[in-house]
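We just call them A, B, C and D in the order they show up, numbering each chain from 1.
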Amino acid sequence: MNSFGNLFKITLYGESHQDAIGIVIDGLPSGIKVNYDLVYEDLEKRKPKAIGTTPRKEKDEVIFTSGIFNDYTTGSPVHAMIKNENTKSGDYTHLVKQPRPGHADYVASIKYKGFQDYRGGGRFSGRLTAPIVVAGSFAKMVTPFHYSHELIQIGSLKDMTKIDEYLLEIAKNKDSVGGIIEVRVKGLPIGIGEPMFSKVESEIGKMLFSIPAVKGVSFGTGFEGVEMLGSEFNDVILDETGKTKTNHSGGISGGITNGNDLVIKVFVKPTSSIQKTQNSFNTEEKATTEFTVGGRHDIAIVRRVGIVLENAVAICLADLYLIHKAYL
Amino acid sequence: MNSFGNLFKITLYGESHQDAIGIVIDGLPSGIKVNYDLVYEDLEKRKPKAIGTTPRKEKDEVIFTSGIFNDYTTGSPVHAMIKNENTKSGDYTHLVKQPRPGHADYVASIKYKGFQDYRGGGRFSGRLTAPIVVAGSFAKMVTPFHYSHELIQIGSLKDMTKIDEYLLEIAKNKDSVGGIIEVRVKGLPIGIGEPMFSKVESEIGKMLFSIPAVKGVSFGTGFEGVEMLGSEFNDVILDETGKTKTNHSGGISGGITNGNDLVIKVFVKPTSSIQKTQNSFNTEEKATTEFTVGGRHDIAIVRRVGIVLENAVAICLADLYLIHKAYL
Amino acid sequence: MNSFGNLFKITLYGESHQDAIGIVIDGLPSGIKVNYDLVYEDLEKRKPKAIGTTPRKEKDEVIFTSGIFNDYTTGSPVHAMIKNENTKSGDYTHLVKQPRPGHADYVASIKYKGFQDYRGGGRFSGRLTAPIVVAGSFAKMVTPFHYSHELIQIGSLKDMTKIDEYLLEIAKNKDSVGGIIEVRVKGLPIGIGEPMFSKVESEIGKMLFSIPAVKGVSFGTGFEGVEMLGSEFNDVILDETGKTKTNHSGGISGGITNGNDLVIKVFVKPTSSIQKTQNSFNTEEKATTEFTVGGRHDIAIVRRVGIVLENAVAICLADLYLIHKAYL
Amino acid sequence: MNSFGNLFKITLYGESHQDAIGIVIDGLPSGIKVNYDLVYEDLEKRKPKAIGTTPRKEKDEVIFTSGIFNDYTTGSPVHAMIKNENTKSGDYTHLVKQPRPGHADYVASIKYKGFQDYRGGGRFSGRLTAPIVVAGSFAKMVTPFHYSHELIQIGSLKDMTKIDEYLLEIAKNKDSVGGIIEVRVKGLPIGIGEPMFSKVESEIGKMLFSIPAVKGVSFGTGFEGVEMLGSEFNDVILDETGKTKTNHSGGISGGITNGNDLVIKVFVKPTSSIQKTQNSFNTEEKATTEFTVGGRHDIAIVRRVGIVLENAVAICLADLYLIHKAYL
């Protein structure tokens, strides 16, 4: 349940306030030169820096304990570990009796019978996305594609030049916002993806919905395409490379890459932790009471999560790419 | 790649114009009284009948060859087979050189090196969804939940009382439309779903994106929630059952059911096969040429696919429900 | 639980006395010319013909419903089905109260809560090995290796020229025997097999122990090697092809093929069904009572099971071979 | 490939001479009191101490980074890591050109294209069995069964009272021996094991053949049973608990536990590293040359591997036990 993939397979572990989080990356070909710069550049993109992101400092030093020899992959699993530091565990004990709305506090306490590590969101913490970013960087080393992402809407704002101003206003109101991120992959050949249940959309859908706060995934034009007619939506094939006049299908036909850009839109819900006073059921008082979430949080996690989504997509494509190679 | 699930596991086979399609349903508990009526009622909902659906007749008689003894499941895999009948294979040979836009014809010919069965869409045919419906009916027998679905938008039409009129107009223009379907599950307890990669959203996302024509999946409010603030989006917990004041999260917190209705919205793209003349790359002439898709097709597959999506969701929940039971 | 494999994946269904048994063979490359002769030759080897094998006639006509088009694989799953015929269901009802020693009757009735199909051994029947043979024939079409098997001991007999005489004696005493079969694969390159848990031995071990009546598996010299010293057991490498002077390791080093013949020894226990009067616990009388198994059975199933083991090995190697190709 | 299991799932990483080895143990129920004493007792049994075991000191301190909170499992994966210390990397560089007989040196260099970590056996090192022992200790915490193992033969010696004397003689000759270990599990109910491919024998077979040096696995009487008649081999059921008069089948009928002791015999080949001068192909000189393996090694790894096998069996049973619970 904490593993993903067939050939390129990742296994994630960790909770927010325990000693470390990490990931085992299995199925890497041997002989890949490890691009440490890429790992750190990608992790850097996930760090809180801009307005709207948490003032907490996360020092994400990655410890590679295995699978690499003389800077090349050995063919054995790579294990990447990140230590948890500066975790103030005292902040969280009250959440046991006062589950936060929008969080997994209450369902976790029931599912795990009170034994869950409730500190800092435990296993549900966004912190777990850091190892996914690392695995994604390795996926990029395996696949000869070009990955990017873009924030295309944040709250009601579509003009990204005004984002800081907009988020300062949100912050003033002690509230939060979500957004829509577009992930794009260029350079894909025709033929990646395995029908029926390992279609490109199936694998990416599974992976992206595993990322905390993701509540919507679409390919190409997505939900907005509902108003289009078939004659408009159909992408006309122009030449032997499979290139199409439009790309409403987001680069996928029948679950298989069709030679055009892979385009994915992801809805990230508004950050659940807000400074505003909220109501929630208090399990000790057996009543709905007012409370305020302590600590300092992102008011727009969507501003940092783009690289997570991009790299999560890379993980799926690395797996499908290796499977594809088995049948060449 | 044609299997799905961990404990409740399905394996799908078949192509549109070969002898039969079918499914192996593994992991069923023994001693379940087989509800044949449910199987046929569900299949009936998938059949073309209304305006906008194909005039082709599909006789979906299900042959159960194993896994059932004296009308109860034995604990061994159930194999359900549906014969392909009335398949006019002559209609499709020209598609080899003239791949249809919006279809997998071209990518399939490259991926499978020309050996794919191109007749009637082959393995990409919507016909493969019939065995999924059957497996879903069995999933419903396993899970004590209540499933339903509703068509909430078709093309630009949101008022479903005008659907026939609307589709006649589309048909007159030899065009097609897509739509949005909402699937809803009631009666779920708190605790179904396994983080990290077997969250309710992850498994359902994977499954629904495996259904042909699905290009968008969201949970709860979905993409429309992008304009909401955190204080609006957060669902306030009201009592010990986990019931919330609103249900923007669609009944899932942290990937785990939270005691509220599971609500999923699915975007189904406009039917690719249209009567209108279209352009596409002709692989023999090495040029984009005009052509018309033969045969008679749904102009709104979305009108029939609801039961497929509903039952596909049931398959995911049956698997997660059995896993949940292992930890009670 | 009824599926096996990663890329080349089989899913088995069926019970002895229901309508059909069959197998879904997923992960076949497209464009493989189907060698029907091989399928039928392999199935023929499994049929009872020689002394010591059951006089029951099994007509094993294979129905291929999908995955093949113009005699080539399409890249979609091949479904092979064999109908059950001439099944005398009346013979078996008494087994519910009188479980046979050496059979799964009693454990099945408890595990499946009385809902198991007890007729003819149900899902535990050796009949289920016929579809495995079919899948193995396809595995052979995928892999460029040469497979064979040999019966090297039957009961206490090691000189196979006396087998008929020996078995007639066993039959006269209304008893049965087991044996040891050696499976051999030639032509394997260095490098097939994936440590840690998909070693050649791991996958073949799992597969062979899934075959009814198999109670021992070894590679190379096997258990007899216990008396050897390291200096004797170590296979000296002679040249760049990896060829070794001896082959005590059975062609596998560190779980990976080493360029020598793959050699596997399999112990098949004596057939459980014997004509002799036996004792067993009678669940109605709540006492151990005498009884006689009805019907006519193999007295040496080991005489027929060689092709099953050989083809089961081919299934494992097809999977590992495809995985190997993904990393070339 | 480095993961094993369905619900109780382990993922192994590490190479002998890198920073650390470790294991992720997924699928543990929450609320299990962690028995650290058991972990260290089990690891202690694996340490070299007796005559015939290596004089190298391994300090196996286990670092648990996650999945445990207040000494109870949280339901999230447990990650256990063991640092590699006192590794003399200089000892091994010559093995690149002079692969050792009986080891994976040569196949690894070809499979991994020269990028494998060849130091100390790399990923093929017996050191990797330490994390498996740890995972097995957790498996024991999950399953209410009683596990044990016994060395029943070492080299040609069956009388274990003479073992030290025997091994001193082997050591004097700079040679090594293998042996046979019996693993036994008591207290199993009827019904554990999932036919067809997750039979108790299938899962245990796969797991045990993944342990380095294991070349034979059998259940119950095993290969020695080949000389028995069916009337002798069949275990007569005596009462409702499934108890049988004999236990030739090793506690398993049809792949399912039958209420008797689970009995497994494992052949461990003679240790490959010997002090004696040996021959092997020299890849630089392109000729077979004499050489001597440096370092100090176990001359009877079989004396330490028993706890590894025992715990490996526990891992399989924990998985099957949880699956069994899903169907109660």
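Side notes on the structure shown:
Going forward, contacts are C-beta pairs under 8 Å (C-beta built on N, C-alpha and C of every residue); 3 or more make two chains touch, one makes a residue touch a chain.
Computed from a predicted structure; not experimentally measured.
Each chain gets a centre from the mean of its Cα atoms; the one farthest from the centre of chain A is C.
Two chain pairs, A-C and A-D, are weighed by contacting C-beta pairs, with A-D ahead. Put simply, the C-alpha centre of chain C and that of chain D have 25 angstrom between them.
Taking each chain's centre as the average of its CA atoms, chain A and chain C sit 45 Å apart. Centre to centre, using the average C-alpha position, chain A and chain D are separated by 37 Å.
Taken residue by residue, chain D touches two or more other chains at 1-3, 12, 30, 75-76, 111, 123, 323, whereas all remaining positions touch fewer. Interface of chain B with chain C (complex): residues 1-3, 9, 11-15, 18-22, 24, 26-27, 30-31, 63-69, 72-79, 81, 111-117, 122-123. Within the complex formed with chain D, the residues of chain B that make contact are 6-7, 29-30, 75, 195, 322-323, 325-328. Of all the residues in chain C, the ones that touch chain D in their complex are 1-4, 12, 99, 101-104, 106-108, 110-111, 123-124, 128, 153, 155-156, 170, 173, 175-180, 190-191, 194-199, 201-210, 212, 214-223, 225-240, 242, 244, 248-250, 253-259, 265, 267, 269-274, 276, 278-281, 283, 286, 288, 299, 323.
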